[in-house]
Each structure stands twice: as structure tokens, then as C-alpha cells.
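Given below, in the form of C-alpha cells, are the structures.
Two complexes, one shared chain (subunit A), two partners (subunit B, subunit C).
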Partner chain A sequence: MTDVIVIGAGPAGLAGAIACAQSGLKTVVIDEFIKPGGRLLGQLHEKPSGEWWNGIKESDRLTKEAQDLSVNIRCGVSVYNLEKEANKWSVHTNKGTLSASFVLIATGAAEYPIPLPGWTLPGVMSIGAAQVMTNVHRVQVGKKGIIIGANILAFAILNELQLAGIHVERIVLPEKGPLSGKAGVPNEVLKSLTDASKLAPSSFLRLGGRLMKSDGLRKMAIKFFPKNGVKMNGTPLLLRKAAVEIIGDQQVEGVRVADIDAEGKIILGSEKIYEADFVCIAGGLYPLAELAAVAGCPFQYIPELGGHVPHHSEIMETPLDGLFVAGNITGIESGKVAMAQGTTAGYSIAKRAGKGGIIDDLLQQAVQNVRTVREQAAIQFHPEINDGRKKIYEQWEELYTKKQNEYDDVKIG
Partner chain B sequence: MNRIINHPILGKSEDRKRISFTFNDKTYEAYENETIAAALLANGVRTLRVHEESGTPRGFYCNIGHCMECRVTVNNQVNIRACLTVVENNMIVESGKQHPNIVKRMVEQQ
Partner chain C sequence: MNNIESVIICRCEEVTYGQLLSTAEKHQCTARELKLRTRAGMGFCGGRTCRVTVDRIVESAIPNISQAEIPLKYQPPIRPVSFGTVGDNIE
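Let's turn to the complex of A and B:
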């Protein structure tokens, strides 16, 4: 008999499984990738202390800890449906149906695509795809690349590609349009980079981050932004150039790029072709929440959290009894926050399962730890993350806690 | 050689057993426990299939199972994601084919 099914063996799922197993619950973790770790596997960056954050080692550590607690981790298992039947959750997978009283959905995030002409050519990939090919599979994605999209995720992975000796020739913006939105407007891009400058990948941006809080200075910076870009560890970041088309016959041969003004408008006659054999599209991350939707969970669109997120409380419950969420499905944040949320969800499940003892204390500590880790985070994908969190928790209070109290009052009365 | 053997932080990639598989009737070498997409890219193969309707070439896009762009036929089973499937010794992998669209072709020829 399984007590808890965890969907997703990333930082949130593994941490959640560990907390469940420590509380005495029989736990299974399923994941469709070939090994556990989720997006932790690709992560590799130098911490301010000079030590390296090595996602593969972190994954191995979490996996071993879970397995030592007899958590059953099954890879290569894809979930296609989730439903409640006779007080139990049935999780339908390509390897058969599993059932348990509790399910933790920790499916993480996916990348927003930015479609542009030629983007289906072999050699075009999401920036995360290049990360996995490089750090997990250790296969070169190409000899000469162009990144389309300037954001924190793109810079972090650029750094990883450079470490592995993969040559990225330049970073340009996507062409402004309904699908690229603010990512195609130099002023907006510089603003978002400024807001995230805590972790700025280059000293230029770190320095600039403080200066450019002022709108006037920022507009000036865009106006005088060097035509040849600002080098990020050798790769020019071209905020005044936009990709209009990826060209190639059978695979990527180059990118047609045009100069743009500060608002992203193309300057006629400025087009030229940059050669490349691979292109990475960096559109940013959104919570991967289909399974919560399939299960019947209500959703709210919260841009500060990266998109549509399932309703959930700070202790990671959803409105559906027995269904919990943790990690990037609740909003885009770092892997460390995901782990802390996973631990919270694990203790929350244990409490709901009637485990007594110190579980209340553990749960309170875990909630506090999420806040602490969030405050200390070096990587902030969405600068207004705290506002987003506040919104979703306030909504929970409004929709579920108050109602429940009223209901209880009626019952007692 | 398209593999990243030495890495300044992650170290030297471990020695893995080599196996062989075929893709569109050609034999390739792969490492044990790697995905079909990784093995093919290491062999310089980017095109995994052609679009069923238009016939245009496609490769992997997201590399983690969401986008379905890398679907191939594995041992006669269609629509298998190359980015999530571990390659096995003697595995037979094939790209899909362009499906006939007689009406469209007729319209094009008019």
C-alpha cells in the first residue's frame, strides 16, 4: 500500500518525498525523465562564496537520502491522468495505474516558446534543452550559437555553455510582437535585468543595476547602448538587435537580425544575417500545471509567479482533498525554494494523514524556512515574487479558510 | 567528436559501455543509458523526423518531454519521444514519414 504518490523527481518532489518518508508514510516518486533530479540536474553556477552549486551532486544527495528512507523512485513513468475514485487518487501512467490517499504534484516548469519564422528547423532549441544536452548528456549542441531572448535563465545557461566550451556568438532580442511581448522591447528588457541585478551575470549589469533604477538613466543607457553590445564573459549582449527569422534549408544556417529602437521597432534597411549552426530560444519559464488542471484544481493567473498557478495555501494544500503542490508549479523560483516548499508539502501531508507528535512544529519551521530561503535567494526570476505569493495566499484565505470557518460555525451552532 | 569529455567543474565524463543501434537503416554508436536524442546528436544527426503533413525536417526542441517535436518510431512503435527514451543495443529507430495529402497536392498542382 502506498500512502503518497509524488509526481516529479526534481528538488520539490524529492524533498517532499523525504519529509513524507521521515514521517512514516510509504512514498513513491515517479518521473518521466531517465534519472531523478529534474531541472536541478542541469544547474551549475558559482556561488558568491566561490563554491560551485553543482545540480548533479545535489540531485544525487537528495536521491540517496530518499532511497535510504525506502522511497521508491521510478523513472521513465509518464502521468497522463489523475482522478479521485472512492476516496483515493488514481494516477494513470504509461506503466499502469497507481493509487494512494495523497498526491504531491511537483512537475516544475516549462519554457515559454517564442515562435518566429524558421523556428522549427533542426538546430533550434529552447535554452533549457541546450542546458540538459550540455550538462546532463554531455553532448555539444553545436559549434556556433545564437541566443534569442535576454533574461536571467538565458544568462545562467550561457555561462554553463561557455564553461563546457560551447561557443555562443551573440545574444539578441526576439522581434517585438504579440508572442514575444516585453522580451522584444529593449527598455523593458533592461528594466527587468536591472530588477534582477542581484545575481547579475556580469559586472556591467551588477554595477548598472544600481544606477539604472532611474527611468531617465535607463532610457539614456538604451539610447547609447553600444552597437557591438556589452560582452558577457566574451559573448556580446545586443539589446538593440532583434531576430526576425531563423534561416536554413535542412537545419539552422543563421539568423536574420535587424537593428531596433528603444521601443523595439525595427529600423528599416538594417537587416543582416549572422551565421550559426544552433539557436537557443529563451522565453522564460511558466509553471507546468496541466496535471493539477486535469485533477480539477481551480487556477489563478498571477504574472509575478510566471503564469497560471493552481490555488494553494502556504502549507501547499490545494482545494482538492489529498492533493498537494510544491516547487515551480506554484510559481517560478529557484531550486532551493522548491526544496523548501517540498519539505513543507511533505510535512503538510503527514499532518493531514494524522501523524501526531512534533509534526506541527516541523511544519511551522518548514514554512518559515521557505520564507528565509526566498529572502536569501541569489536568483530571482520574478522580482515581484513576494507580491505574487501574497496574492495567492490572500486568495486562499478569502476563498477557503473564511468559508471553512463560517461552515464550522454553522455546524457548531 | 561531438561529446563533452572534459569539463572544468563537472570533471571527465565517465566511461560508459558502447552499444549500437540503427536510425533510418544506418548503424550508429551510442553510450549505454543515454537518450536516443543525445546519441543521435553526438553522431551529428539533428533531423529526427519530418513533419507528417508538410514534410519539413524537425529535431528536438525542449529536450525534456513537453514539446513532442522529437517523436520517432522505436522498434515499430510510433510516437516515442527521443529525448526521454534510453537507447538500447540493436534498437531500430526510424523517423516518421510525410503522410500523403492527395487533396492538397491536387490543389497545389492546379
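Let's turn to the complex of A and C:
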């Protein structure tokens, strides 16, 4: 008999499973990848304190802790459907169906694609794929690369590629258009980078952040943005150049770029070709919420959280009885926040399962810890994350808590 | 520019940006209808690569519709599975 099925063995899922198991619940974790750890496996960076954040070590630590508590971690198992049958959740996988009263969905995030001419050529990949190949599979993705898309994720992974000795020539923007949205508009890109500047891995952006809060100054900054770009640890970031096409016969041979104005409009006659043998497209992340959707969970579109997120409370419950969520499925944040959210979800499930004792205290501490970790996060994907969180919790209050109170009143009265 | 129109959006079913855009503009349709008309997102991978792009095309082709109104509709199975898997319950 399994009490809890956790879908996803990333930081959120593993931390959730640990909290469940510590509370005495029999817990299974399922993940479709070959190893537990989720996106942690690709992460390697130096924290402002000078310490290193080594995602593989973190994954190993969490995995061992879970296994020591008898959590059953099953890798290489894909969940393709989730439904409620006879008061229990049925989790349908390619290795059969499991059932339990409680399910924690911790499926993480996926990358936004940015289609452009030539993007189906061999040698073109998403930035996340380059990270996985480099840090997880230890495969060299190429000798000379170009990143299309300037955002925090791209910078973090650029840094990892550099550490692995992989040469990235340049970062350029995608061409402005309906498929690239704000990612193709230099002013917008600079805004999002400077808002997140306390976290940006470049001292230029760090300094710039405080200066460029006003629109006028920002426009000036874009105007005077050096033509040769600003170096990010040796790789020029070219905010005034857009990728128009990826070229090559059998595989990537280069990228055709053009100069653009501050609003992303192409300056005619400015096209040139940069040679490359691999191209990474960095479109940003969105919550991977398919399973919550097939389970019937209602959603809200909150751009600050990365896209559509399932309705959930601060203690990680969804409106569906027994269904909980944690990690990037609830909004795009760092691995540490995901871990803290997972712990919260785990205690929340234990509470719901009727585990008494100190569970209330543990749950409260866990909720508080999520807030603290969020404040101190070394990497922040969206500058307005707090607004996004506020929206979704307020909505929960409005839709579910108030109703519950009315219901309780009726029952008592 | 023709170059952009010929960009493949759905790799499984080889549906181009031009096909999707002209269908969306002509029929002013939902993401679901756009998929049914063009087969984008209906191939082997189940739309895991092109889904958000298809939504963006709907957003750009239909005035006054925003991402917020495009419902998050998913159908099981959300991963490719064999007939055997969905048919029997392998315990």
C-alpha cells in the first residue's frame, strides 16, 4: 500500500518525498529520466558567497536522504495520465498503473521555443538541451556556438558551457515578431535584465540595475549600448543584433544577423553572417502542468510565474482533494525555492493524512522557509515573482478559503 | 517574407508557420480547431514542441485574444504510449 505518489524527482519532488516519509507515509517517486535530480543535475554555478552550487551533489544528497527513509524512487517511468477513481488517484504510467490517496505533482518546467528559419538543422538545440548534454551526459555540443535569446537562463547556462571549455562566440536576440514576443525587443530585454540585475552574472548589469530603473535612462542605455556588445565573461552580449536565419546545408554553419533599433526593428542593409557549428535557442521557461490539467485542476494565466499555473494555496494544495503541487509547476523559480516548496507540500500532505504531533509547526516553518529562500535566491527568473505569488494566493483565498469558511459556518450553525 | 512562412512549426506533422497563420486568419479559430484543421500538434510527440507556438499564432491572428484566454486543455495520454500500454493494465 502506497500513501503518496510523487511525480517528478527534481528538487521539489525529492524534498516532498523526504518530508512525507519523515512523517511516516509510504512514498513512491516516479521520474521519466534515467536518474533522479531533475533540472538540478545540470546546475553548476558559483554563489555570491564564493561557494559552489553543484547540482549533481545536491541531487545525490537528496536521493540518498530519501532512500534512507525507504522512499522508493523509480526512474525511467513516464506518467501519461492521472485520474481519480474510487476515492483514489490512479497514476497511469508506461510501466503500469499505481494508486494512492495522495499525489504530489512536481514535474518542473519546459522551455519556450522560438522558431526561426533554419531551426530544424542539426546543431540547433534549446539552451536547456545544451546544459543537459554538457553537465549530465558530458558530451561536447560543438566548438563554436551562438546563443539566440538573452535572459537569465541563457546567462546561467552560458557560464556552465564556459566552465566546460565550450566556446560560445556571441549572444544575440531573436528577430522581433509574433513568435518571439518581447525577447526580440532590446528595450524590453534590457528592462528584464536590469530588473533582475542584482542576480545577473555580470557586473555591468549589476551596476546598471540601479541606474536604469527609469525608462528614459534605459532608452539611452540601449542607444549607447556598445556595438561590439558587453562581455559576459568573455562572450559578447549583442542586444542590438537579431538572428534572422540559421544557415547551413546539412548542419549549422552560421547565423545571419541584422542590426536592430531599440524597438527591435531591423536596419536594412546591415545583415552579416556569423559562423557557428551550434546554436542554442533560449526562449525562457514555463511551468509544465500537463498532468494537473488532465487531472481536472483549474488554471490561471500569470505571466510573472511563467504562464498557466494550477490553482494552489501557499501550503501547496490544489482544489482537488488529495492532489498537491510543488516546484516549477507552480511558477518558475530557482532550485532552492523548489526544494523548500517540496518540503512544504510534504508536510501539507502529512497533515491532510491526519498525522498529528508537531506537523502544524513543521508546516508553518516550511511555509516561512519558502519566503526566506525566495528573498535570498541567487537566481531569479522573473523580477516580479512576488506579485505573481500574491495573485495566485489571493485568488485561492477568494475562490476556496472563503467558501470553505461559509461551509463551516453552515455546518456549525 | 517567404523565408519565415516556410519555417516548420510542428515537426512531427511538418506544418509550416505560413499554413498555420493563414488557417488561423481565415477561420478565426480556437487553438483546438487550428490543430484539427492543420494537424499541428497531433503527431507522435503530442505537441510537446509546437503547442505554445500554436497558441501564440492564435493570439497573433485573432484580435483581442490573449494567452490568458487560451485555455490550458490537455488530453491524455500526455506521453507517447503503445496500444498495449493503454489497452492492458500491466501490473
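Operating definition for what follows: the second predicted complex is superposed on the first by the 413 of 413 C-alpha atoms of A that agree within 3 Å, B and C clash if a C-alpha of one lies under 4 Å from a C-alpha of the other, contacts with A are read in each partner's own complex, and residues count from 1 in each chain.
The rule is simple: contacts are C-beta pairs under 8 Å (C-beta built on N, C-alpha and C of every residue); 3 or more make two chains touch, one makes a residue touch a chain.
What you are looking at is a predicted structure, and each value in this text was computed from that prediction instead of being measured.
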First, second, both or neither for A:A258, with subunit B first and subunit C second: neither
Partner chain(s) touched by A:L163 [first = subunit B, second = subunit C, both, neither]: first
Contacts of A:E245 with subunit B and subunit C, given as first, second, both or neither: second
Touching partner for A:M125 - first (subunit B), second (subunit C), both, neither: first
Touching partner for A:L291 - first (subunit B), second (subunit C), both, neither: second
Partner chain(s) touched by A:S78 [first = subunit B, second = subunit C, both, neither]: both
Which of subunit B and subunit C A:F33 touches, first, second, both or neither: first
Which superposed partner A:L305 touches (first subunit B, second subunit C, both, neither): neither
First, second, both or neither for A:R138, with subunit B first and subunit C second: first
Touching both subunit B and subunit C, residues of subunit A: 32, 78, 110, 113, 120
Residues of subunit A defined as touching subunit B within the complex: 32-34, 39, 44, 52, 54, 56, 76, 78, 110-111, 113, 120-126, 128-130, 132-135, 137-141, 163-166, 250-251, 288
Subunit A residues within the subunit C interface of the complex: 32, 78-83, 92, 94-97, 110, 112-113, 115-117, 119-120, 177-179, 181, 245, 286, 289-291, 293-294, 299, 301, 303, 307-308
In the complex with subunit A, residue positions of subunit B that touch it: 2-5, 7-10, 13, 33-35, 38, 41-42, 46-48, 51, 56-67, 69, 83-84, 86
Subunit A-facing residues of subunit C, complex: 3-4, 6-9, 11, 17, 48-50, 52-53, 56-57, 59-60, 66-68, 71-79, 81-82, 85, 89-91
